[in-house]
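Chain nomenclature is as follows: A, B and C, assigned in order of appearance, with residue numbering initiated at 1 for each chain independently.
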Amino acid sequence: MMTANAFDGLADWTDGESLLPPPPLVSVRGVSHRFGPGCDRCVELTGEEAGTNRCHACGSVVAVHDASFEVGSREVLGVVGESGSGKTTLLRCLHLDLVPDAGSMVVGQQENMFQATAAHRELRRSTVVMVHQNALAAGLYPRLAAESNVAERLLGGGARAFTGIHARATDLLSELGLQPERHTDALMTFSGGMQQRVQLARALVDPPQLLLLDEPTTGLDPSVQADLLDVVQRVTETLGSATVIVSHDLAVVRILASRIVVLHHGRIVEQGVSEQILEDPQHPYTQLLVSSRLT
Amino acid sequence: MSTPNQPQTVAGLAAAHGKPEAYAYLDEDTKRNVRRAILKALAIPGWQVPFASREMPVARGWGSGGLQVTLSVVGPTDIVKVIDQGDDFSVNAVGMRNLISASAQCEATTSTPAATIIQSRHRIPDTDLRADQLLVLQVPHPEPLRRVVPDDVAALACHAERDYTPAWLDLYDAQARLGGPRTGADHPVLVAGARLMSPSPIPRHDVMRLNQRAHPILLGAGRRARLTALPPYTSVEPLAFDDRPLEPERPDGPCHRCGSSTSYRVPTDGAGVAALVWCCSDVDACGARVGAAE
Amino acid sequence: MYASMHENTALDAARTLVRAATGHQAGGVSTLMLEQQVCAEAGLWETAAARRALDQSHGDTPHAVSMLRVWAATQPHVHAVTVAPDDVAVVRRLSSAYPEIPGGQWLGFSPDLAPRQLNWSQAPSVEEVGSTADATATAATVSDAPTRGGVPRVRDLINGVSMVPQPDDGAGEDPAHTVLVPPFTRACRLGLLARGETGALVALAALILGRRQEAVLVELTVGVARIRIPHPRTEAPCAVVDVPITEVEVVLDADVDGKPGLAMGWGASMGTVERRGISLALLDAAMQADGELREQLVLDEQTIIAATDGSATNGFVEHLRLPHYAGFAAYLAQAAVKQAR
């Protein structure tokens, strides 16, 4: 059960009194990115019909082309595709690690997210936060205490009162299942599943508007995966954030995502409500994915 | 301050070559380089300004930086005091004092009120300095982020962006796990609320006395070739959370020589006494109190 | 060809000619400290042999060290009795941890005072102004020099802070005779390192100093140790030689049970090259301090350049001899506060 004080400061983007449905929190339009010199035939030579994302005329790789989607507050969007489908590039664009060649992103009141290069570091800290496959990939500090890793974003944002930071970090860790006596243990003394929870706590200690999850359960035991997914589900239902989860594992996406986007050779080939996509896939590639997953 | 003119001809150069040492040991180019670095450092309080640190007859790590600063600003009317952890009579302090006064032809003293330039290793004199006095500190590690950031390049990025999250994180971790910062001496300070600086390994007792001083403070690191400066009346606050201020050391006894319980004291062996006793680290100030009592 | 069995002026002249031809200096150059370094690195105390080895290797120090080791291996070995503290006469003793120590600080002839300015006005001579090495040669004959056993240890003054427990895993073996296989006991490790190359020891010790928050020289003792061997017939320990040794103890900051504490390191080297003793003690302390959470040593550009800067590393390691009372007291104060919690 979530306590009110663990998730303070969410009132800004929870539903107002308007009768109209609110605009989607996150709106991504026309994201395209290419690695390599590029030529004017790149787009036609890659994609579904070509069966590749590599342009044989100039050798460049069209990693993502014209990706558009929306994510609402409290909604989870699943992005599925195999390796080479462009999901990593798309994720890096959303996380502002990479400025795409074309496209725009709006998150809440913040427009032109891709163009604001000077503030990207600050935006990554406050508005768009990613949970990586493991804590080390995320750049967490293995030698520091679990609660210190959680407090880092608050400290980076200018919080200077120890009592308040400490209370929020420890409350959150307790909510996510870490025993209070272990809060000051070094991060590296925790199991993989617990480290992921610390990572999640770090992302949520100052709830972002867009939460990105990059294969968060890969490498964990099935029971640990299930626990973590349970936690993520509770979190996404309560917070006002928009969440995008990228995974190759359809089972994970099925549990968490309400809508799914399927990527193949850098293009979005199918988009829709997850039940529909998973029960009744239309596109041949989606059908292949759904039929080949282990049940 | 007298300076010899730079020779303009080859014959002049040859004539100058015969002299074993320039005024105040350093040649004019070095002095100019150091003075420019000092001016830049005073203009950007707390910023580490690189300077071309020369080989000095004092080993690296023994105060060559502080010595170069002193030699660059000293003049024949100055009166120089050199202390080493508060002691005028430590071997190294004596050696440097002799070098400075001999090569700059100026007077030397052990009395804090009488000095115009005070060069100190790891202590600030207990006696408050006046506006006309200059304090030069010797710094072994000028980079305050050295233990929390992997290398100098990353540290420079932090300073440039004024993003000291690694230092705050280290402070938070120590507070959460130990109940307080790990630093004994050399606790980092925020200068003018913005720049993080290492105040040199002075004890916390001295770190808390750096704020709004009436005189300039110059910090020289010779081995690392960096100079930092604090102009008079600069705001210097130790890095601390708003609700966890820095605590000074609390010796549990007065000085066994002068009886002070407010000076910075260190434990020492009291002859004939079983346990350790406390004595003032600032030898001159302690002696003055003893003299005044008599 | 003229040959002679007796010394005469012709032979002298011939010798001078040969020396000049092979680049030797006619006048003596004092190699007192270099001989001691060569002896320490070779693990053999015989300065005359060291001088000869330096001469025959034309001053190439590693070459001289290996010549000395090779020669030592050909000599008969006798096991010596462990040196008792009462057999060590103290010539110089100082502590950077406290201003006054029981037994007093004896600076002796301080190598720090030796000027660093090259003096061109006098010719190089064998008679140097004086060094600790000379002092040690005469100390053995001075009967009122205190013994190591008679002077209390400065490390006993440290209290109020937890120390990393010292490993006690037995006496060591002589690396010159036994093949030592890792993992080493502490005594074996110290024995192996005691013959280490000075530059390498100092570079590693300087790297450690750069990463640490607190490093304090607790005690540095330069003394003359009287080595005894059992008499072949009566088994009574008989003094055979007096060897100068430097013994150093340092403390480094270390986590003990999650709280700030100290790790005490010990190092000893033959001869009076003090930086060897200080570096050995620092390395010993570092191996105890890091424990399981071993800090990775990253070999990047900055680290390598910093480690190979000889004047910086040597100066920094030797600067531990300067007073550190104020900083040490500050560290002890904050450790005591956390201990009390």
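What we mean here is this: contacts are C-beta pairs under 8 Å (C-beta built on N, C-alpha and C of every residue); 3 or more make two chains touch, one makes a residue touch a chain.
None of the values given here were measured: they were computed from a predicted structure.
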*Could you say which chain's mean Cα position falls nearest to the mean Cα position of the entire protein shown?*
B
_Reference chain B; chain at largest CA-centroid distance_ = A
*Counting C-beta pairs in contact, pick out the pair of chains that comes out on top.*
B-C
*CA centroid of chain B to CA centroid of chain C, Å*: 31
*Centre-to-centre distance between chain C and chain A (centres being mean Cα positions), rounded to whole Å*: 59
_Whole-Å gap separating chain A and chain B, where each centre is the average of the chain's CA atoms_ = 50
*What residues in chain B touch two or more of the other chains?*
177
*For chain C, what residues touch not just one other chain but two or more?*
none
_chain C partner contacts - residues on chain B that touch it in the complex_ = 55, 57-62, 84-87, 90-92, 95, 121-123, 140-141, 146-147, 150-152, 177-186, 201-205, 223, 247, 249-251, 264-271, 276, 279, 281
*If you look only at chain A, which of its residues touch chain B in the complex?*
121, 141, 144-145, 147-148, 151-152, 155-156, 160-163, 165-166, 183-184
_Residue ranges of chain C in contact with chain B within the complex_ = 98-102, 107, 110, 112-113, 115-117, 157, 210-211, 213-214, 253, 258-260, 298, 300, 302, 311-312, 314-319, 322-335, 337-338, 341
*Quick one: which bits of chain B touch chain A in the complex? Just the residue numbers, please.*
161, 163, 165, 168-169, 172-173, 175-177, 241-244
